[in-house]
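Shared between the two complexes below is chain A, which pairs with chain B and chain C, respectively.
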Partner chain A sequence: MMTRNTIGNSQPLLEIQDLSFTHVGQSEPTLEAINLNLNAGELVVLAGATGSGKSTLLNCLTGIAPEHTGGKLTGQVICQGEDITGWSVRQRSRFMGIVLQNVETQLFTERVEEEIVFGLENWNFPPQQIQELTQAALVEFDLMSQKDWRIFKLSAGQKQRLLLTCLLTRHPNILVLDEPFAFLDTAGVQLLLELLQQRVKRGQSVLLIEHRLELLRGLPNRTYGLEAGCLNCWDLSELPTPAESLFQTSASTHPGPRQSNARIVLQTHDISFGGYPAFPNFKVVAGDIVLLKGDNGCGKTTLLKLLSGLLKPNTGWLEIEGQDQTNKKVVQIAQTVGFVLQNPNHQLFAESVSAEVMQPGVTTAQAQQLLEQLNLSYCSDKHPHALSQGQKRRLALGAVLARQPTICLLDEIMVGQDATSLELMLKALRTFTEEGGALIFTSHDPKVATMLQPHIIALDE
Partner chain B sequence: MINLNWNLRDYVFAAFMTIGMVASVFIIGPLVPPFLDVVAWGPVGGIFLTLGMARLQKRGSVALMVFPLAVLVIPLSPAITLYLVLTVLFTEAVVFFRGNYRLKRNRLLGTVLFFASAVAIGIVGGGLMVGDVFAELLTKPWLIALLSLSGAITGGIGWWLGENIVSQLKRAGKLDDDL
Partner chain C sequence: MTTFKQQQSHSDFLKAINPFLKIGLSLALIALSLFLEQISSMLVLVGGVSVLLFQVKVPWPLLMYSLLALTVFAVVSAWLSGNWSQSLFNTLRLLAILLPAPVLALTTPPTDLIRSLQQARLPSFLTLSLTLIWRFFPLMQQELQRIWEANQLRGIDLKRQPRQWFSGLIVPLVFQMVTYADEVTIGLQTRGYSPTAPRSNSRPIRWGQVDTLFCLMALLWLGLISYVEWGI
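Now for the complex of A and B:
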């Protein structure tokens, strides 16, 4: 169903007319005859299955596609009455600001404060105003304590917060946000929701991609679902009420094993790293599901890297299956510990989806079963980097599970998954733990905790 | 459809390919005799040249990658600058009449011409301006022809390696190109 919406008689701020887009090397269009209007002071949400083309639509709006990605675009994008279809990203950025899904692709400078200043300088703001805006932004987005930090030291959530800071400080007419809540902690989500409401009241327009629609209940003027390349109008009030969140329950900092006779697969002993407070000691037994819980920047990813051997602790030691890991190399640890990284692009190397899972010792039947479990069998011949971010995360999980590790570490891999994909992913993880694997993961999504019922290890900043 | 205008990302990409070519020639060059450096460099230099042509696609792509290098080496050696300029002009002139670098066969032609002409022009230019071993080579046209052919073959190997990367990039949706 094509949708054409115009509220009132005023000219829309952004108008998409019969927009179709076909990716490089594809014969079928990803987007087909999309029509959408965005009026001043509106918040419009775009949802849909992982890989349905939501990010592609945003890329088409902002000029990233086809200029930087290749592909074929037809139709028109009109901004404030002007046809901007042929405009470059730079020209369009006068009207719109975008936050991309991958938090690492939009950061250019070395330090937090410099990053905010950089954007404003490029827009030729007066020096005095740059200073004022930067200081105000650092306070508003709770980045004051990290203003001199090197950006590579920030967590994904902190990077996402910084990107939003840079964008919102500039006040473009249209905000285009691709899963801006993905890595934010509860406080960050609340802050962004409040800010978006404020901006919409001031007349800015927001086009937002989000899978966690329960976060946005009551906020959007309209919600669309992208299905088979076409936009359909969705009613958020018809969505089921989210289950009670485990994040709201009290967390045990030292959970014990579930069964007294269960085999201990991992045990930490006073490990610490860098400037983080010492991590709590904990034991993980076979079949355990453990959630590392904490605010952005509290050290969740660092702890996972320590457990995987990618980092060596400053103090303390780690025991896996009764063996001290202090002098073991990463490759040795990787034989028992699988790690799915936050950014899936960093661990996909094969030429096709099936080849990524078909590792030594994995039979074709096992690989196919895994791909089916993760709803990736339909794209088994595709190149891994041609997948959407959500699909890449599922594939990275599949590649790790194919090796049948004893312990599986997952760093925020549930982001970017639609409800069905998330359920499939969690089912695969449930099967893994039922077969005796231990799972340690991080996630800010309450649904995940509700569904997996994990032991919670709280990390303090 | 090729956008005929050069833009910032083209310049940046071309610059990266130039850096790759320079770095690899500095590593490989000292390992072989002077008149063999282009032949030895072909498999590596050809990768960067092919990637640049596949990404930039327009006529003048080779010039955009190599001319900045020619300008940079003026203080070091005007002879090298002249040699680079002549090589590029020859390559671009031939490919000009066949279209652009979007087509795989034109990229092969461009790479083979670049390396073959680089060897021939390098030896002739070196013989006339530097003398020494190059002057001696001028007395053996068959050897110049053989070295040029070797340059074409090693450049062709570089093209083949580069096309493998291009096909991966295309499958990943990162490059819009004809294979």
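Now for the complex of A and C:
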């Protein structure tokens, strides 16, 4: 069902009229006759399966497509009565605060305060006003103590929060956010939700692309789902809760309590690193599922790097299968420990999806089974870098699981997965632990914890 | 919230120097290296640049491989020419030409570069190009390290498996760089940057005591090189 919504009599802040978009080299449109209005003081959510065209719609709206992506766009984008279809990204950014999925490419300076100043200087604000707005933003977003922090050392969630601060300092009429909750901790999610509600009350409009719809219950004025290139109106209250949908398939497979004679595969002894407080000691046994929990910046990724050998602890030591790892190299530890990184682009080396999984010692049947498990067999001949971000994460996981490690470490790899893809990923992980593998992961998504029922190690207590 | 305690960088001294001063010194060093004919003066030049380079945190693997590549270059050129001292001199000259750029790039924050270019009223297309290139150097270093680590995690030790360099290092690095080129351009626009639009400068770069000190040290250094080469 296509929709045309006009709430109230006032002129919408943003109107999308009969917008269609066809990617380069494709004959069928990715988006077809999309109509959508965004009124002042509205929060509108856009959902849909991975690859359904949400980001394409955002690209069309923000001017990234077709200017930077190529392709054919028809229809109109109207902002406050003015046709902006031919405008550049920069021209549209005057009215829109745009947060893309990879915030690293939207941050340009070295330190937190400089980043806020950078954006204001770009819009030619007078120097005196820049100082006032920067100080106000630092206070409002509770960043005063972090103003001299170096940006490249911030966690993904902290970077996302900083970018939002930079954009909101200018009070744009419209906010367009692509999965802004992806890397945020519980407190960060709460803070952002409150912030968005405040902005909506002030008359700003928010268009949000998000998979984690359970976070948004009761908040959006309207929710749309993109299916087969068309926009359908969704009722959030009618969607099943994550627990319902996931328990249907997995309630009977929750891991029970640890057996007293279970084989210990990993044990830490007073590990500390850099400026972080000492990490808690813990043991992991075969078949365990462990969630490292903590706020943004508490050292979850650092601990995973210590466990994989990429970092060496300043104090303490690590035992894997009863052996001290202090003098072992990463490549030696990698024989028993697999690590899927936050950004899958660094971990994909082969010329095709199937070749990525077909590593030494992996049979064709095993590789095919793994690709089917992760719903990647239909694109097995594609180049890994031609996949979507969500598909790349599943493939990076497949490439690690194919090597059958004793311990698998995952750093926030569940982001950007729709419900179906997430379920496939979690099922593959469940199979891995049922076969005796140990899983240690980080995730801010409560769905994942609901499904996997992990032992939790809190890093910020 | 328990968070990482951020530490100060070791290269803060170089970061505080006026970017124009650093650009000027780099150009002077490169030009000088083309005129020098004695190995001793070239050693003074390269030694000084190396001291500056050590202010910057360069990953050990990268440093070791660069040294290895230079040694191979020196040995091959000596073998081909049959003249060891000339080949050593050529290697030092190559270093003198190649080293100033990374020192400059890794110690100049992008915002400082934009500010100094703005003040110099350089053409806008040049400002944008240099800004993007400047953003690329640290990104490239970061990406290289991440890809290197990803290889190790897969059990591939690139130090011992140079045959894996193409598929394991060069292909993902080139892919990342091409992707970043596009994404950074878009990112700059979403933050309101335009090379043609007027831009305010809330913190103009001014000449400071640290610049005077650096200037004096640079003049002394250049003087020493000239003295060793020409006796003046």
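Observations
The definition used in the following text is that the second predicted complex is superposed on the first by the 439 of 461 C-alpha atoms of A that agree within 3 Å, B and C clash if a C-alpha of one lies under 4 Å from a C-alpha of the other, contacts with A are read in each partner's own complex, and residues count from 1 in each chain.
Rule of thumb we're sticking to: a residue touches a chain if its C-beta (ideal position, glycine included) is under 8 Å from a C-beta of that chain, and two chains touch if they have at least 3 such contacts.
Owing to the predicted nature of the structure, the values given are computational and were not obtained by experimental measurement.
In the superposition on chain A, A:A386 makes contact with chain B only, while chain C stays out of contact range.
In the superposition on chain A, contact is made by A:K329 with chain C only, not with chain B. Once the two complexes are laid over each other on the shared chain, residue contacts for A:E110 go to chain C alone; chain B is not touched.
When the shared chain is aligned, chain C comes close enough to touch A:R94, but chain B does not. Shared-chain residue A:Q366: touches no atom of chain B or chain C. Looking at the superposition, the partner that touches the larger set of chain A residues, chain B or chain C, turns out to be C. Once the two complexes are laid over each other on the shared chain, residue contacts for A:V24 go to chain B alone; chain C is not touched.
Using the contact criterion defined above for the overlaid structures, shared-chain residue A:H68 touches chain B and also reaches chain C.
Residues 68, 88, 351, 385 of chain A are contacted both by chain B in one complex and by chain C in the other.
Considering their complex, residues 1-7, 9, 109-111, 135, 138, 142-143, 146-147, 149-157, 167-168, 171-172, 175-176, 179-180, 182-194, 197-203 of chain C touch chain A.
Contact residues on chain A toward chain C in their complex (touch as defined above): 62, 64, 68, 88-90, 93-94, 98, 100, 102, 105-110, 114, 117-127, 130-131, 148-150, 152-153, 166, 187, 274-277, 294-299, 302, 308-310, 329-331, 334-335, 338-339, 341, 343, 345-351, 359, 385, 399, 403, 459-460. Residue ranges of chain B in contact with chain A, taken from their complex: 3, 7, 9, 168, 170-177.
Residues 23-25, 66-71, 88, 351, 382-386 of chain A are the ones that touch chain B when the two sit in their complex.
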